Each structure stands twice: as C-alpha cells, then as structure tokens.
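There's a structure below that I have some questions on.
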Amino acid sequence: MKRLINQRPGRVSTAALALLPFVVLALFYMFASDARLAENPNDKLLPSFSTLAESFVRLTTEPSQRTGEILLWQDTEASLRRLAQGVGISAAIGLIVGVALGAIPLIRSGFAPFVAVLSLIPPMAVLPVLFIVFGLGEVSKVVLIVVGITPFIVRDLQQRVQELPRELIIKAQTLGANSWQIVLRVILPQVVPRLIDAVRLSLGTAWLFLISAEAIAATEGLGYRIFLVRRYLAMDVILPYVVWITLLAYLTDFLLKQTSRRAFPWYHTGEPGR
Amino acid sequence: MKRLINQRPGRVSTAALALLPFVVLALFYMFASDARLAENPNDKLLPSFSTLAESFVRLTTEPSQRTGEILLWQDTEASLRRLAQGVGISAAIGLIVGVALGAIPLIRSGFAPFVAVLSLIPPMAVLPVLFIVFGLGEVSKVVLIVVGITPFIVRDLQQRVQELPRELIIKAQTLGANSWQIVLRVILPQVVPRLIDAVRLSLGTAWLFLISAEAIAATEGLGYRIFLVRRYLAMDVILPYVVWITLLAYLTDFLLKQTSRRAFPWYHTGEPGR
Amino acid sequence: KDQFRIAWSIYVGWMPWDYAAESGIVKKWADKYGIEIEVVQINDYVESINQYTAGAFDGCVMTNMDALTIPAAGGVDSTALIIGDFSNGNDAVILRDKTELAEIAGQKVNLVELSVSHYLLARGLASVGLSERDVTVVNTSDADMVSAFASGGPTAVVTWNPLVSEILAMPNTAKVFDSSQIPGEIIDLMVVNTETLEANPALGKALVGAWYETLSIMSKDDEAGRAARTAMGKASGTDLAGYDAQLASTKMFFEPAEAVAFAKSEQLPLTMEEVASFSFDHGLLGEGAPNPGFIGVAFPGERYFGDDGNLKLRFDSAYMQMAADGAL
Amino acid sequence: MTPRIRFENVWMTYGDQVVLERLNLTVAPGEFCTIVGASGCGKTTLLRLLLGEETPSRGRILLDGEPLPAEPGPDRGIVFQRYSVFPHLSVLGNVLLGLELRASPVTGRLLGAARRNAQEEAVAMLEAVGLGQALSKYPTQLSGGMQQRLALAQSLVMHPRILLLDEPFGALDPGIRRDMHELVLRLWRENNLTVFMVTHDIREGFYLGTRLLVFDKLRYDPDEPQAYGAGITYDLPIGQADSETLAAVLGRPGAAASDRPPAPGLQR
Amino acid sequence: MTPRIRFENVWMTYGDQVVLERLNLTVAPGEFCTIVGASGCGKTTLLRLLLGEETPSRGRILLDGEPLPAEPGPDRGIVFQRYSVFPHLSVLGNVLLGLELRASPVTGRLLGAARRNAQEEAVAMLEAVGLGQALSKYPTQLSGGMQQRLALAQSLVMHPRILLLDEPFGALDPGIRRDMHELVLRLWRENNLTVFMVTHDIREGFYLGTRLLVFDKLRYDPDEPQAYGAGITYDLPIGQADSETLAAVLGRPGAAASDRPPAPGLQR
C-alpha cells in the first residue's frame, strides 16, 4: 500500500467522490424534512422536495403583479444589473487608484495609509451614513457594493503593481518611456488580468452587500424577494433562490476565469491544468 | 526633473502627505456639520466634534442601566469575545480541513468541489436555517462568523498546502516519513503562518458578519449598539463606535502580524522592511 | 417647489400607498394640484424615517412614537398629516407554552427594541403590575423574528402582523396581550415636513385626496375592492386572505371624519404623554432632554403637550377635514 | 554481485509524449553515475523513476534484485537544486528530522536521552559537511552553498543506499561549487554510496563520476518532436574517456532543446 | 577623445554598509568591459549607478564628459538575468515598444505607415538576433536563450550608446550560452557599442571583453565586514592576460561571500 499522501483516485472514482457529499446532503435534507413534516404537516421550515419543485415552477412561470414579468427573471435581472454596475465601478476605481498608488511613490505616500484605514471600516456600521449621503435609490445599492469591495480591490492591485519586477520598470525607462507611458503600456496591461483575479475574489462579498442593500431599499431583486418572504418563513421560495444565487455566483466566476484565459493567454501559462 | 515614477518624498514629507487626507476629511466633516447645525441646531446627522467628544466621554465613563457596567467596554468585550470565538473556530476548521484537502488527494477529490460550492452560498440568505439549527443565543452569532469566513480560510489554506514545493514532500518521504508524519512535521508547521495571513485577510469579513449577527438578535455588542441607537439616529454614538471598531480592527491586524513575525521568523525573512 | 418624495414601508396600514402609487391615483391627485409626487418603497422602516429626518424625503409613514423620537427629537418640525389607522390587535405579546401575561416574568423577550413593540410590552407589563426589570429584552430584527421563534429558542416575543399570525400558527403559542387592549395608542401616520407643508399646501391636499380615494376603493367588498386588497396582499408577500386577516386587527379610518374625530379626541394628548414618558425613560428624546415634555406636541384646537416653545410634532386635522368636507 | 539498480527495457511516456525509451542500465553498488543531456530530455524523469515517484510506462526497475518500491523511501536520498531543506526547521532540526521520524512514528518527535543521542549523530553529520557552527540558524539565513550542504547532511544521516542529486550545484558560484565537489566525493567514499547525479556541466560530470551517462534522443522526427524519447547515447566509464570520445560527445548535435539543437556542451 | 564613461572617486554606501569605495575608472567608446567578483561585492550596484537608478554617495560619474543623468534613459540599454522582457507583449511587440514610445509620447502607440516602418525596423533587428520566426509568440513560450536574445534586440533597436548586461547568460545552458556569446560579439561590433557585462564565469569574461575588471574588497575588517567596500583589484586589458596574471586572479582569496571566502573562480 502506498502512503495515503501518494494515493490518487482514478477518473471515475474522482467523479463519484466529488458527488458523494452532495448526495449525502440531499439525503440528509430529505430525512430532516420528512421528520419535521410528519410532526407538523404545515411546517414551513424544511419543505419537501416536491413543494420546492412546485414553488420553483411557480417562480419561473408566474408573472409579477407589478410589472407582468416573470418574478425570478425580473429579480435576477435587477440584481445582476446592480451587481455588474457595482463591481464594474469598483473595478474601475480599483484599477485607477490601485495603479496610481502602486506606481507613483508620491501618491502612495499620500494616500496608502488613508486607504488602509478606510478599508478597515466595516461598511455595515456606516450603513446609515451611506444611505444619508447616497439616498435610497438605485444608486445606494450600487454604492453599497462599491463601498464594500473597492478598498480590497484597490489594496490588492496596489500590491500587484508593486510586485511587478522592478526590472521591467527600469527596462521601460531605458526604452525612453515617460511615467505616463510606463503606466499605460507597461503597468496597466499587466495588471488587468490581476484585476480580474481580484474581482473574482471579491464577488462573494459583493453578493453579500447586494443582498443587504436590497433588503433595505428595493422593490425587486433576489435579495429583496428573500427579505420579503422571510417574514413568512417561506422557505419554499428562499431555498430555490439560494440555490439560484449560488449557481449565478458560480457562473459569474467561471465566466470571468474563462475571459481572463482567453484575453490574457500570456498570464495563464504555467498554471496547473487541473 | 526626474520622472514622476522615480520621485520619492523624504521622511518628513511622507508623514505630512500621509496626514493630509485625514485632515482634509476632518475639515470637510466640520464644515458639513456646521452647515447643518446652523440650519437645525437639533440636527442629529452630523454632530459637532464637541458633541462627539462629550458623547465619547459619556460612553466610556457612564455605567449602563441594565448591568451597571460601562457601555463601551461591555459592548467591546461582548463583540471581541464573539469575534475571537468565531475566528478561532474558523481558523481551527480551516487548518484541519484545509490541510486535509491540500495534502490528501483522496479527500481533495471528495470534498474540494463541495467546499467550493459551499463557499459560494451567501450566508445572509440562509440565516433562517442557521437560526433553526443553532438557536438565537450566543452560538448563532459565533456560527454566523464561522459560516461566513471558514470557506475562504479552508480554500486559501488548501491552496497554500498545494503550493508547498513538491520537493519538500518527496524529501520528507526519503527521510522515511509516513503520511501522518508529513502532515504533522512538514505541512502543519509551514502552514500555520499562512493561516495567520488568511485570518488577517478574513477579519474584515468577520467584523461584517459579527455586526450583522448582532443586529439580528443581541443584548449587547458593538453592532447591537449601533443598530439600536440607529433607531433614533444617534450619530453621536454611531460615529465614535465606528471609529472605535476601526481602531480595534487595526489593532487586531497589527497584533496578528507581530505575533506571526515573532513566532515564525523563518517565514518573514525576505519581506520588505517598510 | 413642485416635486416631492414620500417614503413608505411594508405594513398592513401603509399598503394603500403602494396601490395608490401603482394604480395612478397619486399621479392623478398630484396632477390636479400641479405637482409631482414620487412614492418610494423602503424595506427598512427605520431607515426610511432616518432618511426623512435627514431631509431626503418630504413625507414618510411612521408610528406616533417614532414620529416623536426620531424626526421631532432630531429637531425636524413634522406634521402628522394623515392618521391612517391605529393598531387594534395587530401588535401582540406572544408566549410559548404559557397563557397568562403575568407568566412572562423572568423570561427573555425578543422584540425590536425601542419600537412600538417595546412600548406595547411596557404597557402590558404595567397592566399586570410588572415592570421592564422583571424581563430581559433581547433586540431582534423583525425580518428574522419568525425564523428566530421557529428555532425553538425564544419563549416570548412582542411583534406585529403579519409576524404575529405566522408565529401564532406554530404549535403551543398563545397571544397574551395585544394592542386592542390599549386601543388608539399605537397610531400609524403619514408625516410630512411642517415647513414644506406650510409652503406647499398642495402637497397636503394631493396626499390626503389620494389616500382617501384609495381607502374608499379598498374598503368596499366589490370586485375593485377585492382586486385592490389582493394587490396589496401580494405586494406584502401574502394573498387576499392573509391581508384581510391583518386588516381585521387594524382599525383603519376609512372615513376622513373618523380620523378627524380621533385627532380631536381627548385621548390623543394623553396617549402622546404616555408615549413621551416611555421614550424619555429609554433615552429616546436625546441626552439633552430634561423631561418628557421637552419636545412639544400640538393637537387640533390649540391644545399642546409639553414645551410649547419647542413644538416639533403637530397633529393637524385640517387637510383630513377638507377631505371629510369634500373640499379637495 | 546483484546490481544495485537495474533498468530493464524501461519506457516512460506522459500522454502522447515519449520521454524515455528502451532504457537498459545496470549499476553496481558504489558507482558514481553522472548524467548529462539537453534540457528537457528526461534526466529528472529518470531520477523520479528511481525515487519511485513515477512508475515506468513499460519495463521494470530492480533495486538489489527486487522490484523498486513504488514510492520514495529512506533507502534513496535526494538533493534537489532548490527546495531541498525545510525552511521552518533550524539547521539542526533539518538533520534531526529524519532520525525523529524513524524513531517515533506517531509524534515524529524525540525526547530525553533518545533525543540527545540523535542530536549527537546529527551534529556529527553537520560537522562533517562543515556546518557545525550554524546549528541554530534557519535555512533562509544560509547561503546557497550552505543550504546544499545541509540538504546533503539531511539525506546522509539516514544512511541511504542510493543518493540522487538533481543539479545540486547548478545555482552555486564556481568557487563554492568546487568545495562542494570535494565534499561530495568524500561523502561518497566514506558512506559507500551509489550516486546518480544530474548536471548541466559536462566537466563536472567527468570530474566527479566513475561513469558518465549522456542522454539524447535516439531518433528524431521533425514533424512530431514528441514521438520519440531519449535514451543513453553514451555510457562512458571514466578514465576511458580520451579526447576523441570527448570531442564526439561534445560535437554531437542533440535534438531536444526548444531553442535550437544544443549539444550538452562544455562551458567554454 | 572624451571618454564614454568616467568614474571620479565614486563611493556607494547603503546606510552603514560601504558597497563600493574609491572607484576611479575611465572607459573609452567601443570598449567591452567584463566585470567579475564575488557574490554581493557590488557588481550590480555598479550597473545601477551607470543606469542612473542610484546616485553615488560621493564622487561623480561622467557620460561623454557630462554628468550622468540621474535616471535611466534610452542612451543606456540593459539586459538583466531575468525579467528583461515584457510578458504581456509578443516578441514583435516587445521590440516595437521602444520605437512606439519614442514616437508617440501620449498614447505610446503607432498607427498606419509609421507603424509599418517601425515594424520593419523591429523585424530586421529580430532577424539579426535569430528570432525572425517567432514574431507573434509570447515570452513565456520562448526558451531562456530566446528570451535573452529578445531582450538584446529590444535594447539594441533603440541604438543605445552603452549596453549594460547583468549576468545575461547566467541561467542558460552551456550550449545556448556559446551561441549567445557569438551574437553579443557581433552586435557589439556592428552597433559600435560600449558594453559593461557582469558575469560569474571568469572565462566568459576573458573571452568576450576587451577589458576585464575584477572587483573585490580592498581592505577587510573581520569584526566589521560591512565597514569597507569593494573596488577594482585588477583591470586587465585582454591580450595582456598571461597565464601568470590569470593564476593570480584565480588564486586570490576574496573576502565578501557569506559561505567562505570564495575567489571569483573558474568553473572547473
């Protein structure tokens, strides 16, 4: 027998092993749900799979009374739009500020400590202030995402810029580059794939803030729907929404990864294939 | 004139530059506050610095009605206790599961995809389920932190374990190590400083979840106080609390960094001094 | 100024605002007075009041207690333009495995601290000779109240509908005290900025006009009325039956005259005095408040409670009177 | 005498790519085989096969007449070009580790008298490689040459039968390199080792080994460069290597490097 | 003739540590100076001074009789051991970059005819270094030797007066190294360059340079190793280097390496 550390499963057993925990979880849920429903058939906490399926069908077919659109798509569209705007703005700020901080020592001296302090403020604690400043419209939801993830992206990108080999910056200068050209042609293009990495890392937090923001002021959106039905403990709506959000999160991440691979092949050589 | 990119400020100007944004922010606040107070002397939104100072003194000296303790210390103690428990448990789980996933291919095949999916579920969306399982007491607040940051720590540590040079694992085997010994004597000790890094990275999120948990059900805690006094827009309490939380977050981070430097000098050689 | 923003949040007594906005009634009345009114839904009730207090909205729905403790205490002179309803059983104290309010002594009570639930609890405790010291109040967010109770931990909660009926649907629960035992003390209002209202009476007229037109539609048991209530039910996450059940424990003032009478009643100043003293005891009037009457409240007929030199909350029946007179 | 190592018609392929083909090799105990060849021709792969980290795609490898264990073990020590020592252990800790692992399967640590004995043994080994003065330093505080000495000591304290060296001195300064050569030769003689050492420097190969193995593609198809693997093109018992053979070795155009066909060349 | 480069009593210190001391050196246009010395003795620091990346703590450096600009510029090209090419640009893009930067200060890009002209120039340069077939590849797809060719082409297309090379071939295989030597010598002659090349391999130094500079500590205090810096201990016009001098250079015990005093030694 080889050491445990040297044992690698084959292809088929890898797939089987990977599925196992999901199956166990589903079974576990089924038993728990059955037990609760046997005790109280009206129990809303752990609806049976059939209830969940019904509810999912309803969510994906029934039009909303406000706009006549299908609820789930309407919510998804609203949430994804906010997420895209929020993350897009954060990425833009992150890129500009991060590169400025990382590339230009004078700016770094001036603002890096400030950004470091800003990034420590828990956005949840300043929610009231944020709402006062940015109101409660669409803007505020986007702003909450921006406030929540930009400090991380900025600091990560600053770090990445500073990690670029010093040799490249010197080399660019020996090719006659001025500061602006160095930023434009040497630093920016090398940092964009790293920006995608940073965005991927911060997407989870972005979802968190989106859901929080939608719970405070919105009339549509995935977080809003969950908030709305939460007071009725309508788990038959909440659980499909959670699964759906998880799936969306997975897809977004996957798309970003693929985009980066396509657009920046030079960045991804040397990555392990698995 | 040197290129902007080559200009470095001296010591004194570095300090001056670093202070500048803070001073600007304070001035800006002062003007905005004065303007609002001139219009409505009872305005609660942007209290003057003197009100803030008074309120801070009150918070740090006046005993609470409920318990007779000083409010700020009582809240701080409650929050830090929850934070420490939550982060401690997360770190422990992260270390064990992360090392198991990173070191043992069979376990990785079985659980890595499951953990990846788990980490995508927004914890806020499954709050009701958490309540059902863990109740509403202290446990649920700690659990929310654990649920919020453990997936990140696990995945980060798995990554770090997999990044350990393959050569070291082989070398250990040529010294006769079995799998357990490799984990115990080669992987674990090398991964602990990396665990501290991961914990530092996730502290911001931990604060976020702590404050959210305390906003949901609590009788004390920094987040509780902020959300309670939000009910009457007591910014003179909220703002000092936010500053205090930021300071605590900074201190925790600093302490972790120093601990790591002291305890694992081999890990920190080669880091830039600044 | 001819553009105004009002905020509302989801609650049985305020759902008409959603219907009024969605069905175009608000626009119709705004057009009539040559102004524009934007009706904004805000899910976080406290946040909507904070926004109003900060000046982001010209009007906002809130309870009488919150009107006193947030905008009025924050120095924003506010007028209760419309008295929409009072809670008549909609807020309740619920115990698990117990049936008498007195048995609450020594328990942990989950509620939204410093809200009307807190007030209801204080009134309830007083009615059985207990005080707040006899229980432990645990601040619990309303959104999570139902799942919190379902978790089995909490044994006592104070909350409002629809959460009350959700919780009562669980086994072994009993309502031991509710707002029908203190009728007329928990009042749901449309509050507008006094200064804005004085400068723009059109805003008051349009809002009152739209409100009572909506109420007259929904109060009828005909096709249109049911459709309106169905829409309101859906928007609050339930259905017609669920919404009707909530309405049953709410004393809606469908007729403007009723509301006017309530505003002019002897009870209202007494209620506000009770509320002010509760708020003062809990520090809600601010650190600088020397007594419960620190913030003056005005009532129709030149009646006042508290410091009439610091009038910040005014119950004004003039606009509702116009509606009652058909003068809008 | 059973050969220490015997390759019997060994092939090694990764997917489509043939790395090694038709490898037959018999190595007696105590031989010092140096291995040269173009970059990417499979020298490291050969060592990985000897370690048991990889199993041959075809053929078999015998160690002392028995099939080679399918995973690394304490009978075969290794020193890599980099990452050969544990950064989290002191110099002494690095050498102690093997002794502790052998004696204590569960905790992997020794206490009391057992620890003192092991410590003595480790210190003796460290003194043999000239690191007696640096016992409590961490590897990052050592120069490259000292790190490689440490890696050697760490391996040798386990008394392996076979020592595998993968370009162990590739990253060192020439001066330090020279000292290391002497050290390795001394340790080889004193510990009765069988050594396989990969190097890029053919002179190093000639100087150190008792036998020089030159790896290169045996055949080459320009359209499908990955179709054929490398094998031993020269197997020179050292001492027999006259200037003609040397010239032949140096002159032969190789086929595997990515840049242009480089021969495993002399450093000029 | 004004010397291309003139060091006048240059000292370089980092805090307490003296790295270079009392450096006086005059280099005529077209000279090829190779620089050897123990690790850490300040060879790279010398190049950084020449780049303008560092300013001398004392003394001054003249370029064509004028004070040297205090930051890198297109008149002084450099090739490092690693990280000398831009990973995000293709081979052609890497060489085009300098031409584009020169012509277009704001966008740093060329379009239309100007771009075509620059492209032709870049391709010619790439063909000169033997990379004509790899124009659209990315550096990560190139072998180490090809990357260093690319770095050379990238520098030379700017027609620098001075070319600085910091162990440019240290990471290359001996075979590839030999090709690179020929390339550098050819480019040096064709472009009328003044070259400063740091190397660890003293033979490389002798073979390539017209002048070999050996750096070492001039004096040494064992208690305070950082108190004294290095200077030029030998300045050999190549051709004059008879076997005796060579032996002297090789035999002199150095003082700066961390392991044990190594001489800048021969690769044996």
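For this structure, a couple of remarks:
By written order: A, B, C, D and E. Residues from 1 in each chain.
Everything that follows uses one rule, which is that a contact is a pair of C-beta atoms (placed from the backbone, for glycine too) under 8 Å apart; a residue touches a chain by one contact, two chains touch by 3 or more.
Protein names from UniProt, one per chain: A, B = NitT/TauT family transport system permease protein; D, E = NitT/TauT family transport system ATP-binding protein.
Bear in mind the structure is a predicted one, so any value in this text is a computation, not a measurement.
Number of steps on the shortest path from chain C to chain D, with steps defined by chain touch: 2. Of all residue numbers that take part in the contact between chain A and chain B, over half occur on both sides, making this a same-residue interface. Per-chain CA centroids place chain B at a distance of 47 Å from chain E. Centre to centre, using the average C-alpha position, chain B and chain C are separated by 38 Å.
The centroid of the Cα atoms in chain D and the matching centroid in chain E are 34 Å apart. Each chain gets one centre point, the mean of its Cα atoms, and the points for chain A and chain B are 19 Å apart.
Residue numbers of chain A whose C-beta contacts span two or more other chains: 3, 6, 45, 128, 132, 173, 178, 230, 233. Chain C has residues 50, 54, 144, 146-147, 150 in contact with two or more other chains. Contacts with at least two other chains are made by residues 71 of chain E. Residues 51, 53, 71-74, 76-78, 80, 82-88, 97-98, 100-102, 105-109, 138-141, 151, 154-155, 158, 160 of chain E are the ones touching chain A in the complex. Chain B contributes residues 165, 167-168, 170-178, 180-181, 184-186, 189-190, 264-267, 269-270 to its touches with chain D in the complex.
Those residues of chain B that touch chain E in the complex are listed here as 2-3, 6.
By the touch criterion stated above, chain B contacts chain A in their complex at residues 3-9, 13-14, 17-18, 20-22, 45, 103-106, 109-114, 117, 119-129, 132, 152, 169, 173, 178-179, 182-183, 204-205, 207-208, 211-212, 215, 222-223, 226, 230, 233, 235, 238, 241-242, 245-246, 249-250, 253.
Residues 40-45, 55, 58, 127-128, 131-137, 215-219, 224, 227-228, 230-234, 236 of chain B are the ones that touch chain C when the two sit in their complex.
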